[in-house]
Amino acid sequence: MSFILPNFLGFGLLTLVPVVTLFYMSLTNWNVFGTSQWVGLDNFKRLVHDRSFHTAVTNTFYYSAMHIPLTLVVSLSLALLLNTKLRGVAFFRTAAFFPYITSIVAIAMVWNIMFSPDAGPINALLRFVGVDHPPGWLTSTHWAMPAVAIVSTWRDMGYYMILFLAGLQTVPRELYEAARIDGASAWQRFRNVTLPGLRPTTFFITVILTINSFKIFDLILVLTHGGPGQSTTVISQFIYTKGFTESQFGYASAASVVLFALCLLVTLVVFLINKRRDA
Amino acid sequence: MDLSLTAPPAAPAEHPGDGTPSSAGQQNRMTPGRRIGQAVVYVVLLIASVALLTPFFWMVMSSLKSANEVFSVPINWIPDTFRWHNFVDIWSKSDMVTWIRNTMLLSVVVTFLQLLTGSFAAYGFARIRFPGRDVLFLLYIGTIAVPWQSYMIPQFVMMSKVHLTDTLWAIVLIQAFGAFGVFLMKQFYETIPEELSEAARLDGLSEYAIWRRIMLPLSVPALASLGLITFVTTWNDYLGPLIYLRTPSNWTIQLGLQSFISSLYDANYALMFTGLTISVIPIAVIFLLGQRYFVEGIASSGLKG
Amino acid sequence: MKRTIAAVAALAAASLALTACGGGSDSDSSSGSSGGPTTITVSGWSLSTTPEFQKLADAFSAKYPDYKVQVKEYDATNYNTLLTADLAAGKGPDVITQKEVKYLPTFVKGGQLADVSDLKAPDGIGGTDSYKVDGKTYALPYRMDSWVMFYNKDLFDKAGVTYPDGSWTWDDYVANLQKLKAGLPKGAYAAYLHNWQSTVQGLANAQSGADILKGDFSHLKEPYERTVGLQKDGLQVDFNTEKANQLTYQAEFGKQHAATMLMGSWYVATLISQQASGEADKFNWGFAPVPQMDSSTAGTSNTPVTFGDPTGFAVNAHADGAKKDAAEKFLQFASSEEAANMLAGIGITPALINDAVINTYFAVPGAPTDDLSKFAWATHKTLPENPTSDKTAAVQGILGDLHTAIMSGSKSPDDAIDEAEDRFKNEVG
């Protein structure tokens, strides 16, 4: 316990206490100021019937279903590709991380132009390869979310690549030697050496990636602001709007608790799958 | 204990893609097929880099434009005339020096504390058994899932009670003890064979010494990536400083630039991108210098000692 | 396990104790009684481009030497969030500037604003009703912008179209835009409509007299069909292009990309200063009343209907003694004719408009001087954009989604209106 204490003191006081407060507030009609009345589970009952909340949850899942697998595959591929001593690899690693540190305003600007339905380079390319009616991307209720998922994968892959790179260093090199002596192909070595050796890293990345995509907020805010219509409104935005725009902080807290529960559920499932594989 | 990294000299050239490091020094022994394969990899990487760097390129180019050139239809990639003067103006017109100093201070302190307490706590979670450990750990992960916006008001009220709002301490405190670092380091520690610690215990090392002398050196790649990520997150944070830092002399670079821009009559985005371009430079330098640590860990040969 | 739970419980208890006792003003009560001048704080934003706060503060201190006013600057875009945090922590300013009417009911409900019903606002001042909740007044307006139609006289001349005369209905508006399109040089649109929902809805709500809190949005159908038609016909820049390129209305009108623009009167001061600094082109311009639903409110012999919200000052409920007195005096001063004249002198539209104020306003160098601009500025029936109710924010959220759905071309006005009405029943009801 003494190892945990220094971190736990800070964590407990600065994160856990406010979070526990939030849990309590989800059972009240708190509006930030003054006193609040206990309303029991009313906020949660209201969430069950709130169609905007349903839309936000559906949209968040839809986004996550695209973003999580895509990011896992792309960032792992990048990490494998860049875990070499090729000449210039330092440049490529840095390039992969650049989207993560580029100003989000610049990202929104450039991607909005790229996705522009009539004049954008992406649709120009699609027309060139024979797609007659390319999608409207960020301006279409059907394509806005896929477009957001593409941009966010593009932005995040360098971040997760770094974590994968760190994880790859933990795979004992002797295992590769042994596999090669056994005549294993590159794919077999990947399946039987790299993937099992990466499991703790993959577990970590899957959990963090899931949580982060359930929580997506700032990128959507600058790209679409939840529109057109409600087509890209996600849970975090719902929480922010209910809290800071409509001053229903108790209700917003309840939505946060639901988000928390969803993330915990996914974490537990991944955790159990991981445990079973280990056994 | 032999903790050296170098691969055995006799190792054959390896195929990039199975996760093993390969060395460019062995090109002369490549077959033509390998050579073509490598060329393909380079082409793919180059195309990917263009796609990755385009918005950054646009940002740098915009930093050299005039105010009205930045947002235009159709998009203007290269400015008509390069206004290098923007890079002079930003220093004289705004308080960049103060903002960079504050941001640098915050990022360094937060990163240091996060690495220290995070890896320390992670060792506790990974290697020490105590009642309630798993529940506590799950609680750690769970809080990552709660959006900061939803509990920032209670947190702000607490900080205000102890008069820490509008001080750099507030940002240090809310950033330095995150659960993310604990989680990352714990996962990494679990890949380090328990036998190493056992052997060390038999040699009479204390738990603290095991952490300090075995775990820390073995987890350099994880520490490097955690350090970098923490540094960048703190460097680029906007909402936290916005809520807590009200006095201009406390502003960070992101906050300062935003306020500076919105204080002008017509938001001069060119100048904002000038500032943002400058703010990326320290991160890029740190990344370029530090990136070899992501791959040059010592863990791979750890068991040989 | 048990120990962990106990620890968490203890932390929770501590946190509740800490947050439960919010409120209170940061003003230490030592000042005021000691005999020196009483200092009050006033919240403001973007002080360098919004000079009104400092001007009012200086003028007030000059008039009442016993009081000092300190302007506390907040980030403009996050004003409400930051103010909410400060008020929750009991660190709010003594005079709370009401930037947006829709947040006032929350502040009132949370007990943050003092009842100022006893303060007397000058006769004829606009916008006072926006600050009434359950018959009590919680703020006094000092500024009241309303929406007008800006037009570029040079572009009208080039296109050979006669200037607006104040009699335009929406049909006239469309017909004139078409004439403009035929004659305008390449690169200039007949109109620019910014992407805010208020550009369509604010006028539609005010002129149809609809109450958005009732949940019937059928009155929006015609305005949206017209607006979608305008962008289809190329009379104004397309919503999606506007969003993708993050166009600013200042650059679109100021750089002569559009011959007309519906916008709030705050833009007058911006345009004057941008023309002076060279950020905007030099051209002749003026403004006219916004187009009307029918001829009964159009023309200079009638009173055109438009919309706008006041900006006002409120007193922090936790300010007491000398501070409360000072804050109340400040409110009264800011809404007075004296202050109105001063505000007009820096290009701001005060809540109180009379002949003297009109003369001051239009004497500002760079301001238009034609009679129609004066008429449009001074004569109008201005309905609030945001009715004062704790439901307003939620309804505006729903209507905001409706706006992007229609304007992006994703939904027809009919479908979007149906959906918004459904959502109203489900979420606001």
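Note that the chains take the letters A, B and C in the order they are written out, and that residue 1 is the start of every chain.
Heads up, the rule we're going with is that contacts are C-beta pairs under 8 Å (C-beta built on N, C-alpha and C of every residue); 3 or more make two chains touch, one makes a residue touch a chain.
Nothing here was measured: the structure is a model prediction, and the numbers come from that model.
Engineer: Based on Cα centres, what is the most central chain?
Structural biologist: Nearest to the common C-alpha centre lies chain A.
Engineer: Given the two chain pairs A-B and A-C, which is bridged by the higher number of C-beta pairs in contact?
Structural biologist: Output for the comparison: A-B.
Engineer: Could you tell me the distance, in whole angstrom, between the mean C-alpha positions of chain B and chain C?
Structural biologist: Roughly 41 Å separates the two chain centres.
Engineer: Nearest whole angstrom, what separates the Cα centre of chain A from the Cα centre of chain B?
Structural biologist: Chain A and chain B have C-alpha centres separated by 17 Å.
Engineer: Which whole number of Å gives the spacing of the CA centres of chain A and chain C?
Structural biologist: Result: the chain centres lie 36 Å from each other.
Engineer: Give the residues of chain A touching no fewer than two other chains, as numbers and ranges.
Structural biologist: 13, 16-18, 21, 32, 109, 113, 244 - these are the residues of chain A that touch more than one other chain.
Engineer: Pull out every residue in chain B that's touching 2 or more other chains.
Structural biologist: Residues 71, 75, 136, 139, 152-154, 158.
Engineer: Listing for chain C: what residues touch at least two other chains?
Structural biologist: As it turns out, chain C has residues touching two or more other chains at 8, 15, 18-19, 22, 81, 84, 88, 241, 245-246.
Engineer: Using the touch rule from the top, collect the residues of chain B that touch chain A in their complex.
Structural biologist: 7, 11-12, 14-25, 38, 41-42, 44-45, 48-49, 51-56, 58-59, 62, 71, 74-75, 116-118, 120-121, 123-125, 128, 130, 136, 138-147, 149-155, 158, 173-174, 176-180, 182-184, 187-188, 190-192, 207, 211, 221-222, 224-225, 228-229, 232, 236, 269, 272-273, 276, 280, 283-284, 287-288, 291-292, 294-297, 299-303
Engineer: Show which residues of chain A lie in contact with chain B when the two form their complex.
Structural biologist: For chain A paired with chain B, touching residues are 1-4, 6-11, 13-19, 21-22, 25, 32, 78, 80-81, 83-88, 90-103, 105-107, 109-111, 113-114, 119, 154, 158-159, 162-163, 165-174, 176-177, 180, 186-187, 189-190, 193-194, 197-198, 200-201, 203-204, 207-208, 211, 214-215, 217, 236, 239-240, 243-244, 249, 252-253, 255-256, 259-260, 262-264, 267-268.
Engineer: Which residues of chain B touch chain C in the complex?
Structural biologist: Touch list, chain B to chain C: 67-68, 71-73, 75, 131-132, 135-136, 139, 152-154, 156-158, 160-161, 165, 242-243, 246, 258-259, 262-267.
Engineer: For a test of understanding, state which residues of chain A touch chain C in their complex under the given definition.
Structural biologist: Contact set of chain A toward chain C: 12-13, 16-18, 20-21, 24, 31-35, 49-52, 108-109, 112-113, 115-117, 136, 138-141, 225-231, 233, 241, 244-247.
Engineer: Looking at the complex, which residues from chain C come into contact with chain A?
Structural biologist: Touch residues, chain C against chain A: 7-8, 11-12, 14-16, 18-20, 22-23, 80-81, 84, 87-88, 103, 106-107, 109-112, 240-241, 243-246, 390, 393-394, 397, 401-402, 404-405, 407-411, 416, 419, 422-423, 426-427.
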